[in-house]
Structure formats: C-alpha cells, structure tokens
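Please read the structure below before turning to the comments.
Here the chain labels run A, B, C, D and E in written order, and each chain numbers its own residues starting at 1.
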Amino acid sequence: MHTLTVFQRHGFQAVTDLDQISDLLMQPRTLIWLDLEQPTASEIERLRAEFGFHPLALEDALQEHERPKIETYPGYYLIIFYSVGYNASERSLQFLPITLFVGANYLVSIRSGPVRHVQQTLARWQTNSHVPGYQVSSVLYALIDAIVDDYFVVLDQIGEQIDEVEEAIFQRGRQEVASEIFTLKKDLLLFRRIVAPERDILNVLLRQEVRIFQPRELAYVRDVYDHLVRLTESIDLYRDLLSSALDSYLSLQGNQLNQLVKVLTLWSIILMACSLVAGIYGMNFVFMPELEQPWGYPFALGLMLTIAVGLGIYFKRSNWW
Amino acid sequence: MHTLTVFQRHGFQAVTDLDQISDLLMQPRTLIWLDLEQPTASEIERLRAEFGFHPLALEDALQEHERPKIETYPGYYLIIFYSVGYNASERSLQFLPITLFVGANYLVSIRSGPVRHVQQTLARWQTNSHVPGYQVSSVLYALIDAIVDDYFVVLDQIGEQIDEVEEAIFQRGRQEVASEIFTLKKDLLLFRRIVAPERDILNVLLRQEVRIFQPRELAYVRDVYDHLVRLTESIDLYRDLLSSALDSYLSLQGNQLNQLVKVLTLWSIILMACSLVAGIYGMNFVFMPELEQPWGYPFALGLMLTIAVGLGIYFKRSNWW
Amino acid sequence: MHTLTVFQRHGFQAVTDLDQISDLLMQPRTLIWLDLEQPTASEIERLRAEFGFHPLALEDALQEHERPKIETYPGYYLIIFYSVGYNASERSLQFLPITLFVGANYLVSIRSGPVRHVQQTLARWQTNSHVPGYQVSSVLYALIDAIVDDYFVVLDQIGEQIDEVEEAIFQRGRQEVASEIFTLKKDLLLFRRIVAPERDILNVLLRQEVRIFQPRELAYVRDVYDHLVRLTESIDLYRDLLSSALDSYLSLQGNQLNQLVKVLTLWSIILMACSLVAGIYGMNFVFMPELEQPWGYPFALGLMLTIAVGLGIYFKRSNWW
Amino acid sequence: MHTLTVFQRHGFQAVTDLDQISDLLMQPRTLIWLDLEQPTASEIERLRAEFGFHPLALEDALQEHERPKIETYPGYYLIIFYSVGYNASERSLQFLPITLFVGANYLVSIRSGPVRHVQQTLARWQTNSHVPGYQVSSVLYALIDAIVDDYFVVLDQIGEQIDEVEEAIFQRGRQEVASEIFTLKKDLLLFRRIVAPERDILNVLLRQEVRIFQPRELAYVRDVYDHLVRLTESIDLYRDLLSSALDSYLSLQGNQLNQLVKVLTLWSIILMACSLVAGIYGMNFVFMPELEQPWGYPFALGLMLTIAVGLGIYFKRSNWW
Amino acid sequence: MHTLTVFQRHGFQAVTDLDQISDLLMQPRTLIWLDLEQPTASEIERLRAEFGFHPLALEDALQEHERPKIETYPGYYLIIFYSVGYNASERSLQFLPITLFVGANYLVSIRSGPVRHVQQTLARWQTNSHVPGYQVSSVLYALIDAIVDDYFVVLDQIGEQIDEVEEAIFQRGRQEVASEIFTLKKDLLLFRRIVAPERDILNVLLRQEVRIFQPRELAYVRDVYDHLVRLTESIDLYRDLLSSALDSYLSLQGNQLNQLVKVLTLWSIILMACSLVAGIYGMNFVFMPELEQPWGYPFALGLMLTIAVGLGIYFKRSNWW
C-alpha cells in the first residue's frame, strides 16, 4: 500500500503512477514523499528502479531491525527510526520502526503498520506548503520531531507508573513490588536502547555528509538532538529512582523482619519460661514439699504470671517492645 | 493582570496602554518589560499583535510545562524557567514556571502566580536605570541569576533535612527512615530535572543565535551556567549521601536482627534444656530410682541451674553474649 | 597452511610461490592478501623476507594475546582483532584472535583456527573485484565490519539468556539464579574487554598515521567505530539490568524469609501457649480443684482451642496473616 | 587587625597607614599585600575607599559562605578559598574560608581566624623578594598551592581512618562500624564540596579575564588545577572503598546470622525431639507396657541420646555444622 | 651507588667520574644516563653541581612519595613513576617509586631498591645504540613502556585471584570470601591510584613544554598513554566484577538462610504439635476417658504420627520442602 505526494512549483500534483517518479525527480523545485505500508515486492522493485537505491540499502530497509541506525549512501541517507508507544496496563513498550530514505528532494518512508506521526506530518506539510523554502529537510525535521516529542509522553507515563509503585511500597506494602520495579527498569532500558542510538543518528545528520539541511536549519536538528540527550538523562534519573525505591523496599522488609523476630523472641521466652515452671511441678518426685500444700497450685500459677509480667516489663524497659 | 514598564532615553515612561507597544519598540533606546500574571485571552491577543509572536510560540507559552526549555524564534527567544521553593515540613518542592519572551529591547514574562524574583528584579532595574548600558540583557541576567541563587537556598534546606534523617538513623533509630530517605531522594531528582535542562538553556543563550548579550556580558551568563553545573554536582553528591545513609541503616538493621536472634537462640536453648530435665522427671516409669530419693527434687532443680549457668558461661566464652 | 590471493590490473593472478611476493609488491595496482592458519616457522621466515616485517612485530604476532591491540610500524600496521562466538548452553564466550599486517597494498592475516569472516570476506572481494578503487582498505573494512556485526549477534544471544534468567527469578524461583547472573555478568565483562580496546584500534586507524584509507572511506571506519561504541553502551546497559535482576531477587528472598518467619512465629506461639495449658494441668499438685471435675478435661481442651483461635484472629486482624 | 606589606622597586617599605594604599597603587613596580583578620567596619571602609572595591563585592566578602567561589570584577577578582584541617579524633573536618581580592599589583586577604598558610606565604615572599618577576601572581600561586598541598595531608589522614575502620570490620567485629563508615563518607562529601568548586576557580583564573598571570606562569596554575582534579578522583576512590567496606560488613553480618540460625535450628530440633520422648512417657495412659518394665527408664534416656546423636551426625553429614 | 653510562658520537665512553658530566653535557651528540640506587649525600650534591638541578627539585626527589607526579622545570622534567609488583600469596601490591630527571640529552634515575626495568632498558639501549636517532626520548620511552607493560602482568595476576574467589563463592562456599573480596578491591584501588596519575604524567609529556620527544615519537608516548587508559578501564571492570561477586555471595547467603529457617520452621511445628499431644495426655484430670482404654497409648502415638506426616505432606504441597 503506498501514498505518493508530489509538490511542485505551484502546488501539489495528482500523480499516482510510481513510474513517473524518476522523471519528476529531474524537474526543479519538486518534492516527493512516497509512503509505503508493508510494501509488496513490486513496489520495492519500483523503488530500486525509480530512485536508484542500492540493493544492499533496500535489503537493509526490509529486514527486521533491532536498533535505530543511519547509513550514508551517495546522495541519500537510509535512516531507521522508532516510534514508541506505552501500554500502561501491561507496563510494556511498543516499538514500530520506520525506515526512511532521505534524498535532496525526496523522502521515502516504509513501515510495517500505521504510524500516526506520518499522517500528521503529511497533513502539516500540505497546510504549510505555501511557506517558501519548505523542503525535504522541513518534512524530515517535522516527522522526527513529532516522534521524539512523543517519547516525552511515554516517559511521563512510565513516570506515573513509578509514582504508583513508590506509593505501593510505603503505603500498601504490596508484595509484587520487586517484579514491578524490575519491569519498569527493563522498560527504561529498552527505551534507552532506542533513544541513545537515535542521538547518534542526529549527530550524523548534523555532520551533513549528504546536504539535506540548510545551515540555518541545523539549529532545529540540534534541538531534537538536545531533546534526545535530555531524554537519556531523564531515563537514567528514573532508573536511579527505581533503584532507590527497591533499596527502600529492602529496608522496609528488614524492619518487618526485625519486628517479626522481636515478637517471636519475646513470646518464645515468656511461654517457654512458664512451661518450664509447669514442667517442674509436673515432675514425679516423691518428696516435693510444694505439691502437698494447698497454696501450691495458685503459687505455681502466680509464679508463671510473675515471670511473664517481669519479662514483659524487662523487654519494655530495654526499649524492645 | 499585567504590569507594563517602559524605559526610554531619559527615564521610565508612564505607559499603560498595551496598544502602544509596537510603536514604542520602534523608537531607539527603549526597553520594555511586560509582566503578565494569568493573562486573559485578550492580553494574549495583544501580545501577538504588538510583538508579532508566532502563534506556536504563544501556544507553547500558555501550555502546562513539565520541563524548562528554550526555543529560538527569529528575533526573540521563548524561555521557560522555573522558580523553586521548598516546604521543609512536607519535604516537598514547589515549582513555578515563568515564561519569558526575550527580544533585543523587550522582555515579556508570563506566570500563573506571584514570583518574588520578578518584583525584585523590576525594583532593582528601576534603581539602576541610570547605569549606562542597562539593557534587556542586564534585566534578563538579573532575573535568572536571582532565581538560580535561590536554588542554593533550597539545596541547603534539603541538606538540613538530610542531616536530620542521618541523626535519626544513628541516634534515635526511627522506623520511617526508609521512606524519609526516599522522599528526599525524590525531591533531589525532581530538582535535578529542573536544574539540568536549565543548564542547557544557558548554553543556548551563550551560543548567541539571537544577539541579546554583549560579548562582555557573556561572562555573567557563563557564571550562572557554572552555578547550575555546581548545583547539579551538589545534588548528585546529596543523592549519593542518601544512598550511603540507607546502606548504613540496612547495616544497623542487620546488627539489630543479629542481636535479636542471639537472644532468641540463647534463651531457647537454655529453657528447652531445662524443660527437658523437667520432662524426664515427669515420666511415669515405675522404676526411676531418683524419684524416691529425698534429694531427687533439689537435685533436678540443681541440674537445671547447672545447665543454665553452664550454657550461659559457654556462650559468654564463645564471645556470643 | 597458507592461501595467497593476488589481484592485479586485470584480475586475480594464480600465484602460489611466496617468494614472488616482494616482486609483486613492486608492481603498480597490485593487491595481495596472504592468509595463514597456524603458520610454520618457514612461512614466518618468508613473511620477514618478503614483506620486510620487523622481527619484534612478527614475535608479537605469534605470541598468545589477551587483548586486541594495534601497533604502528613504518609503512604498515600490526592489528590484533578478535572474532567472538557464544556458546549459549555453557553460557561461555569463545574468542579467536586474528593477527593482521596491513600495508598500502597488502594484507596478511594470521590465525590459529578457522575464522568464518576471513573466508566470507575473501569471497566478497573476488565478487566485487571489478569495482574500481577496490583496495586494501575495502578488504580490511569488510573484514572488520563483518567481525563487529557478529558481535551484535553475540550480544543478542546474551540478551536472550538474560531474559531467561529474569523469568526464572519471578516465575519459577530457581535457586541457582545468583550464579547464573554472575556468569552472564562475567561474559559481559570479558566481551567488553574485547570491544573497548577495539574501539581504540579504530581510533588509531582514523588518525591515518599509515595512509590506508581514502578520505572518503573514513566515514565507513567511523561507522564501525560507532558500532563499537554502541556495543559498549549496550553491554553496560545489560550489566545494569543484571544488577537490577539480582537486587530484585534479593528482595524476593527477603519476602520469602519474612513469610517463613511469620509462619514460624505464629505457630510457635499458638503451639507453645496450648502446651503451657497442658503443662499446667499436668502438674502434680494435690490440691488442683479442676482436676477432679468431670468438665475438667473438655475445659482444658476448649481452653486450648480458644487460645489457638483467639491468637489466629488476633494475628489476622493485625494484618499478619 | 591588619598587616600591610608593601614591596617597591628596592625592597619592602615600612608603611602602616592604610590611607596611603591608593597612592602606592599608582606607583610603578609596587606590590601590596593587605591581610585582615576579622576586619572592623572602619577597615572595610578603608578597603572600599583605597582599592575602590564594589560595595557588592565587599558585602560578598564579609558574608558567611558555604562554598568556594570566584567573582570577576573590572580589574580584580574576588576569590573565596578554603583552608581545610582534619580532627582525627572526632573524625571531623574544619573549614576556614579565606577571602581574597586579587588585582594586578595587590592582594587583600580577609579571614575570620588564623590561617597558617597566609603567614608562611608571607614569609616565603619576603625571602624570595629579590627574585625578578616576583609579582602578585607568584604570591597568589604560592598561597593557593600551599592550601591545596595541605588537602593531600587531610586526605591521607582520612585514608588512615579508613584503614582503621576496615580492620575493625574484619578483625574485631566492632558494632559501630556502620556509623563510622557513614561519618567518613560524609567527611569525604564535605571535602569534595570544597575541592570541586575550587577546581572551577582555577579554571576561571586560567581564562585570564583579569590578567594576573604571565603566560609562562599558567603552567603552575594548571598544576594546582591538576592537583585538585586528582584530589577529587582520590576522594571518589575512597568513597568507593568505604562503600565496599560497608558491603563486606553486611556480608559478614549475614554470615553471623546464618551461623546463629544454624545453632538455633540444630539445638531446637534436638531438644524438642528429646522433650517429645519425655512427653510421651509422661502420658498417663493406664496401659503403657514400657512403663512397668525395669528397663523402661534407661531405655527412654537411651532413646533420647540416640536421637540427639543421630541428629548431630545427620546435620554433620549434611555439611551443616 | 651509581652507574654512569655515556654515549657519544661513536659509541659508549668509559667515564666514571661524575665531575665530568657538566663538560660532557656541553658536547654535541652526547647522551648520559646516570642511575643512582639509594644515593649518598655527596652524590646528590654532585647532581646539583653537574646538572644544575633546582634544590627544590632535588628535595622533592629524595622525599617519600605517595603518588606519581611530574614537575616541569626549565630545561628538564622531574618525573616520579612507579614500578608495581604483586605478591599473590599475600594478595598485596608492592610499589617502588623511580625518580627521573629528564633533560634534552640526559636521564637521571634515582631509586631506593633494584628495579628490573632499569637494567633491562640499559641493556636494550646498549644493543640498539647504533640505531640513528637513538636519544633520551627513546630511552625514556623504553623505560616507561617496560614498566607499564608489567602493569598488565600484575592486573592479570589480580584477575586470577578474582577467578579463584569467584569459584570459592559458588562451589566451596568459603566463609572468608567477604574479606578476600575486600582485599582484592583494595589492591585494585591502590593500583588505580598509581595508574591514574601516571596517565596525567604522559599527558604532560605530550604537551611538550620541555622538548624531549620528536614529533614522530609522540605516537609512542600516546601509545603508553592509551595503555594506561585501558588499564584504568580494566581495573574499573574488575572492581565492578568484585562488587557483583559480593552481591551474588549475599544472595547465596540469603538462600542459605531461607533454607535454614525453612528447616527450623517445619521441624519446630511438627515437634511442638506432637509434644502438645503428649502434653494433653499427660494432664492429670481424673476423668479422661482415653486414658483407661487399652488403645489409648497406640492411639496417641498414631495421632502424633498422623500430625507429623500430615504437616510434612502439607508443607510439601505448599512447595516448601
């Protein structure tokens, strides 16, 4: 499935035939955006024929990718960028790679599913097309900027999850806290593995080996670069916060354990001491003077009570209770 | 609600009508500071009309922001800076964003609540207006410097809280220490998320894409930049200290647990051993020679005492007690 | 065992005699790749004689090496690079060093075992030999790039192992988790010790002390450099993830311990309290009114039941259970 | 209290009247060092009048400071540097700020107590005054260098304390180890908060906005800068070592706990098992054949012994003991 | 004790009289290496007189040093470098400082004990003296390179110790693991404190304030610099590995503790429950129907057995065992 958008001197042209692309590219002041969703083999073949992409580049573009990357070819870039979404209920990140071929006057985007930013950027372009100097660089910038802006949304959603986990630790004492923290940490790691190499992509774009951006536009690119740097920093701060949360949780567990062992120790000692008294008066010696006395039984009970209360007071005083 | 302050060649002018701004901006040696608190829609419209701000910039200015930022527009900057306060009793930071439009000869500040630094800087300007070369750069610097100076106050307040928590750990053994440490760590994180991007803002100002500062003034800007760097470092040191405090707390908990288990172990063994003696002489065998002896009962008690004392001595010697 | 591949102006030449190398090197537009597997002493001697390698360089090349390195000699580089494989079942990395002598128009590779990348690169060269400007730099780049690309495969395999360990922690509660995490961490460390110095090797190549690469080819070298940088980052992220996993595991252990101690405490107290009742009515006092009553026995049993149930309810209410 | 030292073309001049300073500053080849300890209001007023210091600078100089800093004024620097001492018995750092005004041909030092380095540097100056080119830069360098050299002494003292704590962990098992480690960590933090910004001060001096140093002297300044960098690194290494020490301590605590629980478990089981035997033969059933047998009592005792020894052997075999 | 080696235009000269040094230094194409082991006061005096070393430099050279350093004097460097050895059985590092005075055509080495590298470098020089351009820089480089190469040997020895400790953790469960890990961590710290400042020394040499190295030789110096950087990285990786090892050890301790507490809990509950049964039938109530029955005794024993087996099965099912 493909969408072909062609802008020329005076406005957008209605061109649907991919075979015309190579001719259009020759004409001055033309800008082409070809967007492909799950391209067919014949569409790929058209790409090769019309744009003259290197077979290796096309192969690269169609492969499953694990990481963002940029490759510089003579006259164009191959960029693999990621759109990222967050499913808060499952605490999982969704990644959708977008492959871009970026030349001086064209942009080819290939994706395996719908990417909101592509539609939005296309709409925005059609609205702003009258702006003089609206070129491939503007479209590319707009697309990348929109994608990166959404990263902040994702990060904020993760941030909210972190807030929740943190509350869970200190207020409700939930048990699964450890695994939740781990899941969030992993999300942050996966996110970072997208963001960090994209920083490098922008760095390559800034190097201008293929001249896409006007000098005055480089500031915008640097801006996106700065956003990615800031995202990386924020991700690292969150990872740090999660580590702190886990440490605090461990310390709370320690408190709880100490409390439990205190209770165990105190009651064990009291009950064992009383049992010892009972055991003593349960011995079968013939000569045990107390046994015959009428006050023997109440005395034994009183002795137990005294021991229990005495130990209770002693532990209290030792600041144990 | 707005305050319009206009300085011209010979002093401050009494101008209240926002519609005159565009005319005033044309005149040489004019400096305008328009301060808006919770601006109305019509005031915003005036901004657009008089200063010619880009609609996107204005939209950005009125949105809720989560992070400081700077955007470069032709002829002016849009800066979002944060005033930070600390509520020591609740251990919470208060953030108040200030949106600034900074042009060659004007400054527009927009805020949603009162910001002490704005009033102070305004007053300071009016006092120093006779200084030759007092320009928008001086006002901007004074404002940002005042805000950043207050960060040190906030950091010192957090530092005092950290001192308190630390004492709580080693002297009073308070239980909620873990959650207090976590709260402080989070405060530091949030603080850092303000300070770190502001560092970037100053970096952009230093790049001088819009010429606001005279070359000789750049040293002042670099100074504020250095302050922000130092703040970031101090925040990181404090975070490290809090981690150490939590580690120490865990180790103290471990000590306490070991102590508890020692007590439990020692007394369990002593009491159980004595109970075993009592249990033995409580058996109902017909032929138990000791039972008939008159010395049987005292012998049993003595045996228990011997065991108890013996174990006590043994544990003492094993360096247990 | 050696393979000699000679390319001249018009194509590959069938040359097998090592003694001709020095003559071939004199001729223009000649490119030689000599590949040696476990070279014999006489082959080494040929290297010295034909290429004029420094004895120290040859000595270095034949030694066992622990780390990648590069040495610059007049007119050629000595590079020791590592091919890395991963044995998932034993969770161990395999390292195979490849020693390269790289001059302006020759490449000598020495290895102690079969290295897939060498064969592949050789095949690729023979396929692309018609490409103008296919030189030693292209061959070197292709070889190094292939080796480094495989590092990503290894890293992904380790990543899968990490996923498995992580599942083991939260789902199956396997015991050996600690040692598995440690093994993976160590693998990452050993891997990093290969990757990090290879980054330096590429840095040296970029410095161009011996002119191997054309200026336009430096971008490719920088690309491999970037890959190595990214690998190092990913390795560090994985190490961090493993640390988090271990922390989570510790916290789960803590949960388990608390649970155990709760059970112990609760049942100890209940059983001891009941035993105390039994012990009391097992005392041999002559005057114990309850003993004679027909309701005595059921009363005692009821008392025990009451205590057990009462404590159960109490602990339940205290949110213990 | 002040000391005025004036050097002119031919040697030191006996000048005591502060009012002459402004005249002296006009004369060529004059070098003035004015040292003030707890200056009076009138002395401060003299500073303003004679040197023409900015009121804000003077205000800054007299305030309590929490951190080293440097401010650049037209023609002079305001530097706040710290002399640091260590009280080993209390494990506490002493900080004494020294405020310096440094101009092209004068140095003003203000301090609230005696600072050994000031006296020493003054003496050293008077000894070396014949050296041509002995200028304010030499004096400033000598002073700062002496202060920074003492930091190494302080660091070594802290290092010795760390050695002691470490021994305490592994040999004597002292209890207060956690709080001692924390105190040392805090000392290092406070120390770092002095050293790190002083590094920045030297950086500012190196920027030479006010020309104090001759180009050839910059190497010396860079030297002090390097010392401060190295100090920071050493401080960080020590902090790391303390963290390791605490971790080791936690692990030792864990060992101890395991040992305790082993003892508890083993003896509990043995004693409870024997008690059960005793309890069984203490039951009051009419038909218990063993009870009537003459071998009953020794049999019961033997059974207990067998159980105890059997469990002992079993635990031994399970590698528990 | 001193060794004087003098090389002139045509070869090594037999000069033993230190007083000739100043004359020799005047002659072109002369290279002097004076090696001193525990120099006497008169030898030091000769140094001052013949080479014209600054008294402060000589004082510095004879002092006990704690850290490597470099001082730049007019025309020569004072370098303090460290030879490092490792005693594997005691797990301790041995440090031996070597003080070097390096001028354009001389090298003075002072040491307090035998340093193998000095002899080796001297021998190597005498072998290579015919190489044109063999100068002080070559000798200095050879010496420093030899020393630094040995650092790798030391690091590998420490690495082996780490392997051993790691095995001890997972296979033999040795107790002293915590202190061994700490010792190794400390060794790495001390080692790092030597390596890191030496990196700075090479940096200073690269700055070429005193021209010792030819431009083409700087690559060698950078090489040693790279080695030191790599050493620092490896040291940090090892420190990280040791931390991981300790964490794993803590986790294994936790496993062990959980196991112990499980055993304790299970057997306590079983034995206490059985004891309760025995206690109940040991009560002295007159009316206890079971007591009179002939099946009473076996019933009681059966009840105990049932409880024990039932609890065993229950715990088994609860996945506890």
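Simple rule for what comes next: a contact is a pair of C-beta atoms (placed from the backbone, for glycine too) under 8 Å apart; a residue touches a chain by one contact, two chains touch by 3 or more.
Here the structure is a predicted model, which means the values were calculated and not measured.
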item: Contact network partition after chain D is left out of the picture; value: one piece
item: When chain A is superposed on chain D by its C-alpha atoms, the rotation angle in degrees, nearest 5; value: 145
item: Rounded Å distance between chain C and chain E, as computed from the means of their C-alpha atoms; value: 24
item: Separation of mean Cα positions, chain D and chain C [Å, integer]; value: 39
item: Of all residues in chain B, the ones touching two or more other chains; value: 247, 250, 254, 257, 261, 264, 268, 272, 275, 279, 282-284, 288
item: Chain-level touch network, classified as line, ring, star, complete or other; value: ring
item: Successive chains around the closed ring, taking chain D as origin and chain E next; value: D, E, C, A, B
item: For the chain A and chain C complex, residues of the former touching the latter; value: 66-67, 71-72, 175, 177-179, 181-182, 185-186, 189, 192-193, 196-197, 200, 209, 239, 242-243, 246-247, 249-250, 253-254, 256-257, 260-261, 263-264, 267-268, 271-272, 274-275, 278-279, 281-284, 288, 290-294, 296-297, 300-301, 304
item: Residues of chain C that touch chain A when the two form their complex; value: 152, 156, 166, 169-170, 219, 223, 226, 230, 233-234, 237, 240-241, 244-245, 247-248, 250-252, 254-255, 257-258, 261-262, 264-265, 268-269, 272-273, 275-276, 279-280, 282-288
